[in-house]
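Questions regarding the structure given below will be posed in turn.
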């Protein structure tokens, strides 16, 4: 008898799990999948706010097409991300965007390709705003994937283009995290430096475990001993901040060429240690509007900072999200419907005017071509460096602009395209 | 005469600086009931722990039925036919009485580490367990978790668990400690019954039990065996009286 | 019940629970038709196997492991590699049996790690498992040819032939495959508890010293139990691989190891079915609660700590506490006091939820200035009024609950007294 | 090369001392109470956050004293109202309680201070290069960290050998069951030790938080490594923990410089195999890549072959 009671109880427990089905409105829903809880929630949180703001701005223009951003918490877990992909599809969402975690982006491309093949009536598009593994638009490319960020090889090409003209750089040290992205940065750095500045010596080449090093002093000691005057690193998060801080503490005088020094939360962590030393490659920073005299952009991002940025504590960062949303708006209008396949064809080859020039979505590999900037962390509040980041007193100052065309790279992508 | 059941040669044990067992030589004959007596702290339990492999010896040699078992681990010694009980009751408290007995039978009935037999289906095993329960008169209490038994019942179960594996050398460490007179009497007759045709070595404080059960007695004082003899001779041995019995009676 | 009836319903009375569970598993997808809920059910099935295998260590052998996901993940990797080998036509194994590859792979690794780590139980074992977990997690990124680096290894289950002839494309087909394996694994793991090894695992957990004096080497008992637990964890991992068609390094990491510990503990380690409840609840919370509130980690943490402090025997323990009362037909004496406790508990719960949600809204939400809505009510988090209500609810709820608990204790006392009288 | 060795020695000493500050409290707690405190690194994190908050109001120096005290009080409260009530359910429950606590502390820290790193900076007065040796700066703050940690070591040593409570703690370290028979207030001693141990972790957080990064995941990053220290050092031995900390600091620091892989080693013998797959990965790994995971390997081997640890008085 009692056992029966237990089984009934278990049954009731299972029945409680009602799925939440939201009725689809006329608006276009974009599923946003990134970590929204746990240690990396700050990254996902920032992305989500940018998308919300971009949607707000488009909706405020009052067209008949409206956007709604539906957040899903990936928790940086592949399996949960895939479940949430199903969840999103259930809710009638046909556009998914995601940025954090190359493991998830790879899995999403696979899963969406399989899904679209197995369920031609519910095809889904994957809009990638931040995952920079070159493979995604090369050997691993897919018709259903569009990338709005320049991939790591493109960014590295920008960095090496800059280094090419810096005659005082003689020795370069490579320090990267020991995983796929770190390896990619390392290999590409060696190849590109050799091609562009054969006289530069690779003074050292170190891979370290990702996220495990607490004290970078021993690595700094090696950089110091090698006599390098520049460091190229694909490190992000604490692996990058700790590297720069340890360098400062040992009085290491080098330039750091980084991908993620401007990432959310990084400048406060680096602090003064990075001023004049740390360079980043991005498509935007918050003094660009002044340097290129685009007051409209200032209005745009200051509006964000007021609404979502906590008065600059978590400021605007992703110009590409604005670009992506505006291009999506155009593409859906062009396609005449929010059908994934038609929108994908509409996006292919599309050009778009951003405040800083024209960008193009390449049809061959679905990679966005946009201008990139090399900038240096500097003391803010001066004449040229107007704004600081995250209320730190430090801001970015452009060293060089690399035109969109110059960032384009050859692709190995062989895309299978469905019939129109 | 056949080989001794247990033979200790120059067994020595120290913990750090303190010597607990000091060059003990002892032969226990097959089939005899042997008691080890001595004042508190003489090292009786340590001696048991050495023989049963609970502690390694510092030096010396221990043989079981002619084969060396020095510093083998407990389960290896047990598999060679030596089983023991503990001074403080040592059973499986969360299991029922029946389960306790059945677990103790598993190794020698040959099921060993099997994970492809279901205990409930093993007829021979369950019958043996029933028999043993009968023997220690605990059939009635079979479903009770062992930890909830009364003290005397736990001691009886402990003896049951100890003899279940059919070892031919049995070590009992103070089997009647803490029992009332009537409980002791019952325990003694149980011990007598279950150790029939086996070798029994026991540590015991209750002299009436010792003189009742033992064929021979060894006296352990400060880690040394001062004498081994028949109960009558021990009773009359003046050295023993001085070292031990005298103190006890005084 | 009459005796005749009993005999007629022999199958039901003995296996009723199993049959009922099987029926529930079969009909569930007809109630949950969305892709999300079916995916969740599949994940729950995997989690159940994983949690039960973990309880073979923690509950049955007293081994607290911080690295059980090593076998879950390795099982997944073995399976996905075999799946890809099958896809390439090198060997032929039907898709339905692929999880076994994970199981057998894991059991081999399990024997080695088991032998190395189980000489002593308790803290040394826990620490070794932590160390092994860290080592495997760290090396997962160092050996990209096996673990696939950050991208993981992916495969396509549609390219593998199926024994049953079913095309395993849709989630529902995979659900039934997982359900089949989960059911089989549950039955097998249950039967394992009844075998000599299963009994000895309990014996060694409670009293390793005594176990060695009945002829058993505790080290071996633990090793075998550990390897068998690894086997089932490997099966769970294999199902993971078949379900998601991708396995990444995160599956061997600390997060799934911690998750399975929490599932098992919240469900209850002392009863066989406890981890099942825990797996269902925790997986549900992780997937659904996370959609409702981004503060879910706090709720989850509070639930876990609450269980450790007040209900260390888990949900299963709480349920089984009532078994004798139910049998003695005395539940009606407890229910009134429970009913009395529900109300203040609800108030306290409401207050706590409000407190957490408001703080969360102010501190970490997307737009703290926006009005927030909770339970259908809209208000401004900045004003003092909702805070006042929150504090009021918590205080009132807490106060009333104290009194209600006193009542519950009282009725428990009465019930125990009656049961004692009846038994003697 | 000479400068490299010199600075690596300084680095390993510094890292080792930081580890020791973190683990000394844990060793006391673990040896006396048998609790594997997973929340210990969380107290380290709280130390850093408290110090940051205090430095916002009154500057760094008061924080150096106040923050560890606050953390200590918090630790004592956790022992009194949390652990003590879980104690009756056994060690597993105690351990899981601390796991849950670590989890909760991280969430609460995020709730109060946000998800990003807080700008907890080195005080200006110490932010300069003290000396320049062989071309490399030695910053004043690192010297200061070294001084504080050595000071703490001496203080701890004096408390344990000279004070009455220290003697009781020492007795309890070697014979945890024996203390209650001496008639001391055991729960009180436990609370004190737990609070004191937490305060030591808090102090490490105060001086380590700005040197490293004060962020919500800092506890999770440092969590497991402190267990390595207490295992390697040995149960109940502060000296062991001290040696183990320095040893681990040295291993991690010096391994970084050894860029030798197995294939390099084989090449020495004229062997240049060109394997593929797993073996290739294996041969490719350089010692320098393994630095941060060596401690875990060390811990596992230690537990298997020498469970007492380096200086342990009894088994873990």
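Remarks
Every chain is named by a letter (A, B, C and D) in the order it is written, and numbering of its residues begins at 1.
Quick note on the criterion: contacts are C-beta pairs under 8 Å (C-beta built on N, C-alpha and C of every residue); 3 or more make two chains touch, one makes a residue touch a chain.
What you see is a predicted model, and the numbers here were worked out from it, not measured in a lab.
Considering the contact criterion stated above, the chains in touch with subunit A and with subunit D alike are C. Path length between subunit A and subunit C in the chain contact graph, taken as the least number of steps between touching chains: 1. Chain C has the Cα centre that lies closest to the mean of all protein Cα atoms in view.
Among the remaining chains, the Cα-based centre furthest from that of subunit D is the centre of B. Centre-to-centre separation of subunit C and subunit D, using mean CA positions: 32 Å.
Subunit B and subunit D have centres, each the mean of its CA atoms, that are 48 Å apart. Work out the mean CA point of subunit B and of subunit C, and you get 44 Å between them. Distance between subunit A and subunit B, defined via averaged C-alpha coordinates, is recorded as 73 Å. In subunit A, the positions touching at least two other chains are 41, 45, 178, 209, 212.
In subunit D, 110, 114-115, 289, 292-293 are the positions where the chain touches two or more neighbouring chains simultaneously. All chain pairs that touch, listed by label, are A-C, A-D, B-C, C-D. Across the complex, subunit A meets subunit D through its residues 39, 41-42, 45, 178, 206-209, 211-215, 217-219, 221-222, 224-225, 238, 241-242, 245, 248-252, 264-266, 268-269, 271-272, 313-314, 390, 392. In the complex of the two chains, the subunit C residues touching subunit B come out as 191-192, 194-200, 202-203, 206-207, 209-218, 220-221, 224, 228. Interface residues of subunit D, counted against subunit C in their complex, comprise 34, 36, 82, 85-86, 89, 91-93, 95-97, 99-101, 103-104, 107-108, 110-112, 114-115, 224, 227-228, 231, 276-278, 280-282, 285, 289, 292-293, 296-297, 299-300, 303-304, 307, 315-316. Residues 58, 64, 116-117, 119-120, 122-124, 126-128, 130-132, 134-135, 138-139, 142-146, 258, 261, 265, 297-298, 300-302, 304-305, 308-309, 312, 359-360, 363-364 of subunit C are the ones touching subunit D in the complex. Within the complex formed with subunit C, the residues of subunit B that make contact are 52, 54, 73-76, 78-79, 83-84, 86, 90-95, 99, 102-104, 106-108, 111-120, 161-162, 164-165.
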